[in-house]
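Step one of this worksheet: look at the structure below.
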Amino acid sequence: MKKITIDPITRLEGHGKIEIFLNDAGEVENSYFQVPELRGFEKFSEGRLAEDMPQITQRICGVCPEAHHMASTKALDDLFHVDPPSPAKKLRELFYMAFYVTDHTTHFYILAGPDFIMGPESPVAERNILGVIAKVGLELGGAVINARMQNHHIIHMLGGRAVHPVFGLPGGISKGLNEEERKEVEQIAKDSVEFAKLSLKVFDDIVLKNKEYLDMVLSDAYTHRTYYMGLVDEKNRVNFYDGKVRVVDPDGKEFAKYAPREYLDHVAEHVEPWSYMKFPYLKKIGWKGFVDGKDSGVFRSTPLSRLNAADGMATPLAQAEYERFYSTLGGKPVHQTLATHWARLVEILYAAERLLELSRDPEITSPNIRTIPTATPDEGVGIVEAPRGTLTHHYITDEKGIIKKANLIVATVNNAAAVNMSVKKAAMALIKPGKKITEGLLNRIEMAWRPYDLCLACATHTLSGQAPMEVVIYNSKGEVVERLGQHLRP
Amino acid sequence: MNFEPKIVGFCCNWCSYRGADLAGTARMKCSPNVRIIRVMCSGRVEPTFITKAFELGADGVLVLGCHAGDCHYVEGNYKTMRRMPLLKKMLGQLGIEDERVRLDWVSASEGDRFVSIVDDMTAKVRALGPFKNNSKEAKHG
Amino acid sequence: MAKLKLALYWASSCGGCEIAQLQIGDKLLKLAEVADIVFWPVAIDVKYKDVEAMPEKSIDVCLFNGAIRTSEQEHMAKMLREKSKVLIAYGACAYGGGIPGLGNMFNRELIFERAYVETPSTDNKEKVFPQTKYKVPEGELTIPEFYDTVKTLGQTVDVDYVVPGCPPEEKTTWLALEALIEGKLPPKGTVITHNAKAVCDDCPRKRDVKKVKKFYRTFEIIPEPEICLLEQGLLCAGIATRGGCGAPCPQANMPCTGCYGPVDGVIDQGAHFLSAVASVIDSNDPEEIQRIIAGIHDPVGTFYRYSLPDSLLRRAKIK
Amino acid sequence: MAEKKAAKKNDAEPKIGVYVCDCGSNIAGTIDVPQVVDFAKGLNRVAVAREYKFMCSDPGQNMIKDDIKNLKLNRVVVASCSPLLHEPTFRHAVQEAGLNPYLFEMANIREHCSWTTEDHGEATAKAKALVSAAVKRVYHHQPLEAREVPVNANTLIVGGGIAGIQAALEIADAEHKVYLVEKDPSIGGHMIQFDKTFPTLDCSACILTPKMTSAGSHPYIELMTYSEVEEISGFIGNFKAKIRKKARFVDESKCNGCGVCIEKCPWKAPSEFDLGLSQRKAIYTPFAQAVPNIPVIDKESCAYFLKGKCRACEKFCEREAIDFEQQDKIVEVEVGNIIITTGYDPFDPTPITKYGYGRLPNVYTGLEFERICNAVGPTGGKIVLKDGSEPKSIAIIHCVGSRDENYHRYCSRVCCMYALKYSHLIKEKIKADVYQMYIDMRCFGKGYEEFYERLSKEGVTFIRGKPAEVTDRAISEEEKGKLIVVGEDTLLGTIVRVPVDMVILCIALEARADAKNVAQLFSISQGADGFFIERHPKLDPVATMTEGVFIAGCCQGPKDIPDTVAQASAAATRVLALISKGRVELEAAVAVIDEEKCSGCRICNLLCPYNAIDFIEEDEVSRINEALCKGCGTCVAACPSAAITHKHFTTEEIMAEIEGVLV
């Protein structure tokens, strides 16, 4: 096979890259999902002060710093053996719910939405937020922008900064809410609930009522039978901020349920020489390569996974949607990757409802937001559900609380193997010998990983930014046939 | 070829610089490796001078002030006494050996003490070998 | 008049700078009126080869964020310098190395060892490490080279302006963009912020003379709301950090960590921060001084949180 | 970036001249000067580089002046000796050629290089480094204007011994106000305790009391006895002193020194003046001719203060001068100059147990013997033993506490001579045998050697050797009841045992116990021996490192009366010179805060030992009072905003120097 010379120049677009190789017959031989950067947080965290970790590790990702800030802060509670006052916990969760609303909204309307609302094969020029607004109307457009800004406002108010919050401390938080602020939050929460309902209606009208889309969602090209992971509360309902990690097998049966401290018994990471990103898998099953099914340790950790891994939602409206979700898609678990978009909307609704509950909690304006740690720090693990998956921070310190070892299993990374597989499967299904490769077709391949809402900044705690991804297709002679990029559209 | 360290020395105008002068006046012999820069008070020596010296290729830095209580400016040398240990702690984190940076006290009448400090430091730094942290490797950052 | 040709790029960074750029919200539209964004990997589908094809200096302004850690990033910085009339280091990573710059306390070997072998969740007995070139059955895959040392953009190419912050506050970003839009760019080398003085000048907390008998860690005390945090023993970088951010962190009861970089004329932010802090230690007794200093457990991480690669020493000496 | 800016600041592009001095063979003997000159020629911005045998000579200086004129140099570097020696010389030279004196820099290639380095190659290499440092530094130099301030014509003199009195009179006679501060109730110091003075043997009191009286009555001298300086602020020409006048419990304005109070006082305490050999009253003047002749009440021994009753003195004082309610007073005075004449402490020989001082009766210190000899002393001038009998033999032991590794390595300079004086006084009064036990006889002063010869003819026995011990353990009949001085006669090389009735220890002169505090108070420095350090041991013996503060007498080191008086006059002259000029140039190399950069963090505020930094609330910035700033640069190094510039020691200048030494 002719040597393909890929000097860095030919791959300088963006930070993630997928290479697809065709065989002589012009069929897809194989594909590789590569991440070309590393920053080494696990190493340079060593020697830092434990309490600085929420602010240091969130620099892994400026797209979802709130998730890292939270996971890290919770790891510190565990590390210093300190239990924050209940108002502090509620304020953290409130902050986190606001974050969920903005983050999911961004993804659905700005990244994924266009594919459905405008249609997978609509012209690139229209396949973006502006096109979406044009189609669904300014009212919804305004609602989208409003939902993002308002909830960002909550993040700013509590976290201290718009991007990269500073308020997390072992045993609590540095800043609370006063009554005026609470009123603001309550209003934003109400609006957000309405916005979530509206969004679900949009999905209904445009996707579910459209046979063609529904078939696409259910088509095999976008289907993988894998394990699913998600954080659940004591009643096995979806929870983003706290609880235990639950894993269900491809048949939807509980495979494992573990507390943060036990994560090492359940998750392991595989290294490939051709990417800086590692590939997590279920330890008890082992790494069997890039294959799905019950015998492969590959699992997924996405909104869809969280719904599959749970028995329901903790808020009424979201629970109703949850039930409708499974009845519509033919029962649990749902393996269709594209259904992730719908699952994401269900989560927005839950986040908004929970936000409203918390904003009305009598404790929420309490000044009692910190417990000063007194125990000697040693080891701590903190887990939250990041929008893109289960996020684990694990620190070991000396008796002064200086980091000796840090380990991070980051949301997006969980899905590294799945993404690789999804792309290959879609490519195999869509790229046929002799069939012309149109932009639309390439976009359909792109749609295979977009549901994962890949955040490659997270991806290797290591890699930079929301993922613009490049796909390069080579023929059997190693010549580039086609390349395409996925981009976050403003 | 055997390695001769380059050491930058900071002396205060009133005590240690005079101590160094006295060493000369008394024709005491000492290692030529320490090149002295005169400041009015050891309190003027800011940490950047020391990191700058290393950046520019020094193998060691010697800071000499008046003995505690003898400072011409009453307590400038106490400020130095506060800064240097913290700086050394930080340099330690950056892999710079303790012997490469030395703070000591020499009075105007201690030419002999000046000589012994200079010779001792030179010997220690010579033993450590050249300071390099490869920060300047063009391509590799 | 012809629209400005604007390019935005990231290197070793977290994407927070992109979010910060999006944060200017509706002002984006105002920007769109006067500027065409010709390159923005995160948002716009312009291929690399199109940029490469652009003539020299055909881009009016390039906002570049992120530090330089890999061969790819270095190459990209050089190319964008060549194509751009004005190159702006946007954000703490491009300016001073940022948080990833803390990697300079180690080197590639140590970082790889930790990331791909040592971490408890990693299963890699064969010690497989990512290779810049690797042969797979179907062909050869390559990834960029990972350098030993993180460099700032300024250490890689000539930089015209700096917009500091991790990430820059919305108002700081807009200050720079406004200058661009109105063609009122300050003299080359300017760090663009609302305040050339240190963060203290922005900070509403009350300041008195400084004397510190003990340094506290953020989790150890609940600071008085109105009083300077440093006076309360918290290592607040506000004294050694350029203002213009509005001091949000001290107002959230947390110390400034220095993301806006040094004030003009300061050669080494960390060294100056260190010197100031040490100077106000309230003791003349060597033993007591040592005891007080023992309360500062991580000088590098504290004083050089965002600027180690930009410091005079740039990196640690690895034995 | 900072460096680029600095370069721009220079108006005219720097044009540097470098001059390397041979200093005869002092430099050229070790350093290859031509090589250094060639090296200098190659340095950036160097227009000319020359070698000359003595740069400090007129031809040498003229060479520089001519080049400045002809070659339009605007920066000058001289590589020669220590700047502490000749920086002023060359600054003056460049100034005469019309250049700002601060556009000059010196490379110390003698003291720091040629004199300390053996290997010629190494020395030459180091010299090059030092020259390149000076050249790189001078490139950044900025012209500075020295500020002038008026000199307050009043003078503060601390210490009322002969030195203080002498200096006070010289200045006062020129009709300038002097504040003479003495911690004891009377001026006079140690000299007034002496009996006779060597070698002339005139009576100490006789020559001193007239000076004391005129000091006491001088219209231009304000005596402040029983007082101590507590605080000094300000700077040359403009000092402020806080002086504590201790309560005497006698109203000076009322007391006429009649002495009735003393007479009537029933309470006694050991006399400090007689070193405890006699008693004085609770209300007392230290000695008859005390100046001022105003008694003080010693609280420690006064019944009224101890038990709350008595007040005898009060009853008998017709002028109602006694005031038990009197409090210490803090007096503030403003002066332009300060002379420190705090004298010495006599060494306490008790620790040298082998000589038995304090253990064996009839072992005395020299100062005690002075009192014993003195007509108004404890024994009325009779040389007697504790039992009142007359000693038949007396041993005088030299160098007690001096020239002794365990105590003071230095020679106290006066002991040999006063020891000889004692023998004379003894021979004069009683016919006892006198043994001088010495290490070396040092009779260097005017008329001293002659005095020594004269004494050796008076039948004094000289034994060379430092005695091992003084004991009362007799080993023979003749030793019974005697003090036996045991030692080696190093001239005969035999062990000698000399039985005597009395032993006099020639104790060392040592720095005052409180010298350290005094040094800190006036910010001057002490040597290893504790005495104050003069600005230059040969060429500036009475000035100190602190402008406007001078030293004279034994506080600078042991010396005899003539030397002390000479120094006192010298110090007075220095002060008078400043007064007659009327103004003084202040340090130009001070620190200034750029208020455009100061964030008002207040880090620097407490760092200044001279309180020169104020925080200006309304502007929220800190500001430096240039007149108070002494240019140490401590605040500069602390400023996290680099908002403070240390003139002539700017960061650019020092960074450039660092770069230079590392070539």
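By written order: A, B, C and D. Residues from 1 in each chain.
FYI, a residue touches a chain if its C-beta (ideal position, glycine included) is under 8 Å from a C-beta of that chain, and two chains touch if they have at least 3 such contacts.
Just so you know, these numbers come straight off a predicted model, no measurement behind them.
Undergrad: So which chains count as neighbours of both chain A and chain B?
TA: Correct list: C.
Undergrad: With centres defined as the mean C-alpha position, give me the chain A-chain C separation in Å.
TA: The answer is 25 Å.
Undergrad: Rounded to the nearest whole Å, what is the centre-to-centre distance of chain B and chain C, using the mean of the C-alpha atoms as each centre?
TA: One centre to the other, that is 32 Å.
Undergrad: So what's the Cα centroid distance for chain A and chain D, whole Å?
TA: Chain A and chain D have C-alpha centres separated by 78 Å.
Undergrad: By residue number and range, which residues of chain D touch two or more other chains?
TA: Touching at least two other chains: 607, 634, 637-638, 651, 655.
Undergrad: For chain A, write out the residues touching at least two other chains, lowest number first.
TA: 47
Undergrad: Two or more other chains in contact with one residue: find those residues in chain C.
TA: If we look for residues of chain C contacting two or more partner chains, we find 69, 105, 267, 272, 275, 279, 298, 300.
Undergrad: Can you work out from the touch definition every pair of chains that touches here?
TA: Pairs satisfying the touch definition: A-C, B-C, B-D, C-D.
Undergrad: In their complex, what parts of chain C are in touch with chain B?
TA: By the definition above, chain C touches chain B via 68-69, 74, 105, 147-151, 155, 267-268, 270-272, 274-275, 277-279, 281, 283-284, 286, 289-290, 293, 296, 298-300, 303, 309, 311-319.
Undergrad: Okay, in this complex, where on chain B does chain D touch?
TA: Touching chain D from chain B are residues 6, 8, 13-15, 17-18, 20-21, 23-25, 27-30, 32, 35-41, 43-46, 48-49, 52-53, 56-58, 66, 69-70, 72-76, 79, 83, 107-110, 115.
Undergrad: Spell out the part of chain D that touches chain C in their complex, as residue ranges.
TA: Going through chain D, the ones touching chain C are 1-2, 5, 596-603, 605-607, 615, 620, 634, 637-643, 651, 655.
Undergrad: Can you list the residues on chain A that touch chain C in the complex?
TA: Against chain C, the touching part of chain A is residues 1, 3-15, 19, 21, 29-30, 32, 34-40, 42-44, 46-49, 51-52, 55-56, 58-63, 65, 76, 80, 124, 145, 149, 152, 159-164, 166-167, 169-171, 174-175, 263-264, 267-276, 278, 280, 283, 287, 370, 372-373, 394, 400-402, 405, 407, 409, 455, 457, 462, 464-466, 468, 474, 478, 483, 485, 487-490.
Undergrad: For a test of understanding, state which residues of chain C touch chain D in their complex under the given definition.
TA: Result: residues 189, 196-201, 207-211, 230, 238-240, 243, 263-267, 272-273, 275-276, 279-280 of chain C touch chain D.
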